[in-house]
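Next come two complexes built around chain A: one with chain B, the other with chain C.
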Partner chain A sequence: MTSQVRRQARPSRMAQMGGLISGAAILTVILLASLLASHLIPYDPIEQNLRDTLQPPSLAHLFGTDNFGRDIFARVLHAAKLDLMIGFLCVVFPWMLGLALGGIAGYFGGLADTLIMRTVDTFTAFPFLIMVIGVIAIMGPGLFGMYVALTMAGWSIYARIVRAEVLVIKKSEYILAARSLGYGHGRILLRHVIPNVVTPTIIFAMTDMVLVILSTTSLSFLGLGVQPPTPEWGVMIAEGRGFILSAWWMVTLPGLAVVLVGVALSLFGDGIARILREGSQA
Partner chain B sequence: MNIITFLRKRILQSLPVVFGILAVVFLVVRMIPGDPARLMLGIHASDAKLSALREQLGLDQPIWQQFTQFVGHAVQGELGTSLVFRRDVLEVILDRLPVTLSLVAFAVLLSVAISLPLAMLASMRQGRGADFLVRSGATLTLAMPGFWLGLNLLILFAVIFPLFPVSGYGKGLGDRIWHLFLPALTIAFSLAPILIRTLRASLIEIMSAPHVDFARTKGLPELVLIRRHVLRNGLMATITILGVNIGWLIGGSVVVETVFTLPGIGALIISSVTARDFPMIQGIALIFGGMVVVINLVTDLIYAALDPRVSYD
Partner chain C sequence: MSLLDIRNLTTRISTSRGVMNVVEDVSFTVEPGECFGIVGESGSGKSMTCRSILGLLSKSGSATGAAWFEGQDLLTLKSGALEQIRGRQIAMIVQDAASALNPVVRIGTQIAEAMVQHGLVSSKAEARQRSLDLMSKVGIPAAEGRIDDYPHQFSGGMCQRVVIAAALSCSPKLIIADEPTTALDVTIQDQILRLLVALQAEFGMSLILVTHDMGVVAQTCQRVAVMYGGELVEMADTASLFRTPRHPYTMGLLNCVPHLDRDVGTARLRPIPGAPPDLMNPPAGCRFHPRCPLANDACKSTRPPLREVAAGHFSRCLRQDVLGEEIWTAESARA
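Our next item is the complex of A and B:
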């Protein structure tokens, strides 16, 4: 590479590292605060307190209270671990399924490839949220239905990325060498092919995670995901919907948590993606 | 290749996808363990109702026969009878389709009106303050859930400053635009960051292209240069990005229609899920899937019409 290119890259690399570190820091703080929430805040996230309903934000109640007198800040903090876990799992499950099916399609080719890739085409033709809602309609609303639905709606892009990578890798010399040593297809696929195609899928997963968190909160908002009274950001915003005329804080403040996590994930993800991309080019 | 051959070829290419959509919609309901009729009607349904629904769904026949029957009916526009409305599914959907279509179209217009100038500003001031502001704004807006943004716009512009209506669809063109403005703006805000990011990148590429360099050396004023050489290519990029994200847009309509209680298909699918109205859910999934296929086709056509280099092949 010429020195000119390197000089251009340096400040943006610094910015990326800054983004990565601040993103990771925000996420760590949120996660820690959520895990320690019962020690940090003297309010129970679920127990009702009907003498203190719909209090505006104050020093006693940072985010105010809801229509059942529950402290909204306590609920927002408690919700973080659930929301982050759902967001993480709803990326990991489709990622694993896409990795497996895309790997099989690319490595074996032929009929398996045709069948899997035509299925991919079909699944990507549906609008994401429509697919998710359709599956939840069958599975029934709730956490389990949401996992299944987001996995079914999300795997196809991963499969497409993996297949394209496998098609290139499978022609390389070390795969031929492994074949001529007599290794079985399963071993080659798992030990030699998949580890070498993981990077681009992780880069995509990083941007995917923001959209997945937005989707899961949307589903809970629509009443199709996490069910009340469990504290979850989408659920809380849905509960505040009936009070937008009198208690704006019930809607606006829990949403700030989603925005904060989304921005932190974007910064963190962009940073990780940049590092992985440079690593795979080197 | 002329336009007719191109159309025929593209339609033939979409057929497997349409077939796949039909198969998925058909199979998903049959995946339910137990008796689908019982599940749809609930545990208190009478035997007569159950057997009537089994007959409507053809559940007493072998599965491949059920499927050919399902496809045959779907092709003729017979999507069954809604369990809630007791009316033809397609009729109910067609009643509500204009709301969703005008919402999506309005949102596309607004998002282009927001994104194009901002992306141009960012690409012309690449690496400077304005660029940084636009990009940070995009990251921030991308992290905002549509339902939350919509509710906040409602609180701000319908409750605190009552400039717009809280809900409803209105009558007559002007009234409808007024009613749809906040909902469309909400969708536009969730689409704009995606548009801005991709557009900025492609505009930067266009502006360093040899033909733009040459036009600049020729002494063409910057504004003329942008209008003649950059904007046209930028428009192409916009259409491509919109085409790719159409599914995202339609998904956005589901959430936003619920927030603003608009009588569109998006709100309908949510109420159908709650009411376990499976024929309706199947119908909506088919219509939305079909819409994506058609819009992709239209995008390709516009693309070929705008860019003389893209021949219809």
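Our next item is the complex of A and C:
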């Protein structure tokens, strides 16, 4: 009985690695396919072909065509490039900002801490999407506005994580040792504190990336992010909405692409997070 | 002239319960080339004394008095000027070597970092070469093969050697070793102490050795200060402190050291009864009086000054007249 319980609580090493490997495999395939999209598929993702509108999936058009006669498979693959890039950058920017500000707040404390952390409180007081939509309303819809909005909405959590870790590291013997050897604060913060707090932020970033990609497609669906005719999953779903009864493939297949990337990123992120966590405990 | 001259050092730490004097009115000097020991139990203010000297107190702490080092008062220096002295002129070796090394930085880089910080090396190759030299100097075998290792690949003793190498790297005039051997097992302790003393002689440095181990003091130091409850209670050269201690606390400490010739199998060790004082509410008068078998009414009300009771021998005890061999008898220990 107990052994059964234990087995449930702790999945085997193989099962853990399985998630990581399958997630990485799916991501690699999607990434390669999207990078090579213009070589793999003879259709342009943007150019209209009004003789071939609303074709159902076939060998010629794997995912069918949309109301402008564009090949949906081509558009889905080209969209993958954009969505993954946004997903990556909109995690990296808040990560860097959070690392810098959280590091300063935690390390120097006092007034810097108060100013930064009260700003963090203000930012986290707004629900994520409200914040994003609010910033886009000011910046204007489009790719740049979305980068700014997702960075502003995302950095505060990183800053919180980093600050908490820095508060612990700051008290450690090796920081005291570094100070006793006369190192300046800049050197200590950059070379000794930050490298030791990166791991938990990366663990969080892995799950954050899924959220960011979902937000990107949601925003584009609402017309606030990527603008047509640029291929983007959210944009494509929005465009296909009117045809859901006559041409199901226009909405469903880009939707499935979002789901697939989400699942792959979750599997991959969980695997990486687990490895990092075990590494930092050892 | 003394290398380091501490005068009336008082360190206060403010906590949520109030202000605490963790170091009170401590004065001593360290001569060039000397090994000076500071002993006392946990919480007696030994480490705080060291950290006050180097300006390494946390924000809640503040130190008053003076710490003269080469014509400068370390306690009044700006933090930038102090950073120039830390590592370059005075280096500190902290207690637990394994945690005194940054886990994510390679050994060689950590040894060389102080030299880089203080501008003593001009190239990476030079820094690496100096690290290698230091590693063999502190007795790390096969330095070439280990310089790119991380701290977790090193044993505790080896980590302590790395920490010593980093402290030595800028050839400081004074090294403050804060319980350098506490986290190590006995055989390694002995090696590290011998290494420290040998290096001190070779480099002509002064050494402040903080410890709670009387044996370590006897083995290495020329002069010793004993601290209790944040105060310096006795200070003398090592030989006379061990031969004729002039403070009941020192006598008690010496009683706690097992003697192979007389104690084995027969006598039990005699601990000092009671507990160290609560520094938030230190006892009036002599801080040691609640635990002292000689305490009388004067001890309870008068705070004894640190007086020279013999040449170069200072004690903070009022009852010099009755201090005798056997004050820590079995009866007094039970009382």
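Assume the second predicted complex is superposed on the first by the 271 of 282 C-alpha atoms of A that agree within 3 Å, B and C clash if a C-alpha of one lies under 4 Å from a C-alpha of the other, contacts with A are read in each partner's own complex, and residues count from 1 in each chain.
As a working rule, a residue touches a chain if its C-beta (ideal position, glycine included) is under 8 Å from a C-beta of that chain, and two chains touch if they have at least 3 such contacts.
Bear in mind that the values here come from a model prediction, so they are computed numbers and not experimental data.
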Joint occupancy of chain A by chain B and chain C, clash or fit: fit
Touching partner for A:Val251 - first (chain B), second (chain C), both, neither: first
Touched partner set for A:Gly184, first chain B, second chain C, both or neither: second
Contacts of A:Arg70 with chain B and chain C, given as first, second, both or neither: neither
Touching partner for A:His78 - first (chain B), second (chain C), both, neither: neither
First (chain B), second (chain C), both or neither touched by A:Ile130: first
Which of chain B and chain C A:Arg163 touches, first, second, both or neither: neither
Vertex chain A, arms to chain B and chain C (CA centres, degrees, nearest 10): 100
Least Cα gap, in Å, left between chain B and chain C after the two complexes are fitted on chain A: 20
Complex contact set, residues of chain A against chain C: 109-110, 172-174, 176-184, 187, 191-192, 195-196
Residues of chain C touching chain A in the complex: 54, 56, 59, 82-88, 91-92, 94-96, 99-105, 113-114, 117-118, 163, 166-167, 176
Residues on chain A engaged by chain B in the complex (per definition of touch): 118-119, 121-123, 125-131, 133-138, 141, 210, 214, 217-218, 221-224, 234, 237, 240-241, 244-245, 248, 251-252, 255, 258-263, 265-267
Residues of chain B that touch chain A when the two form their complex: 16-17, 20-21, 23-25, 28-29, 31-32, 139-140, 142-148, 151-152, 154-155, 159, 246-248, 250-252, 254-255, 258-259, 269-270, 272-274, 276, 278, 281, 284-285, 288-289, 292-293
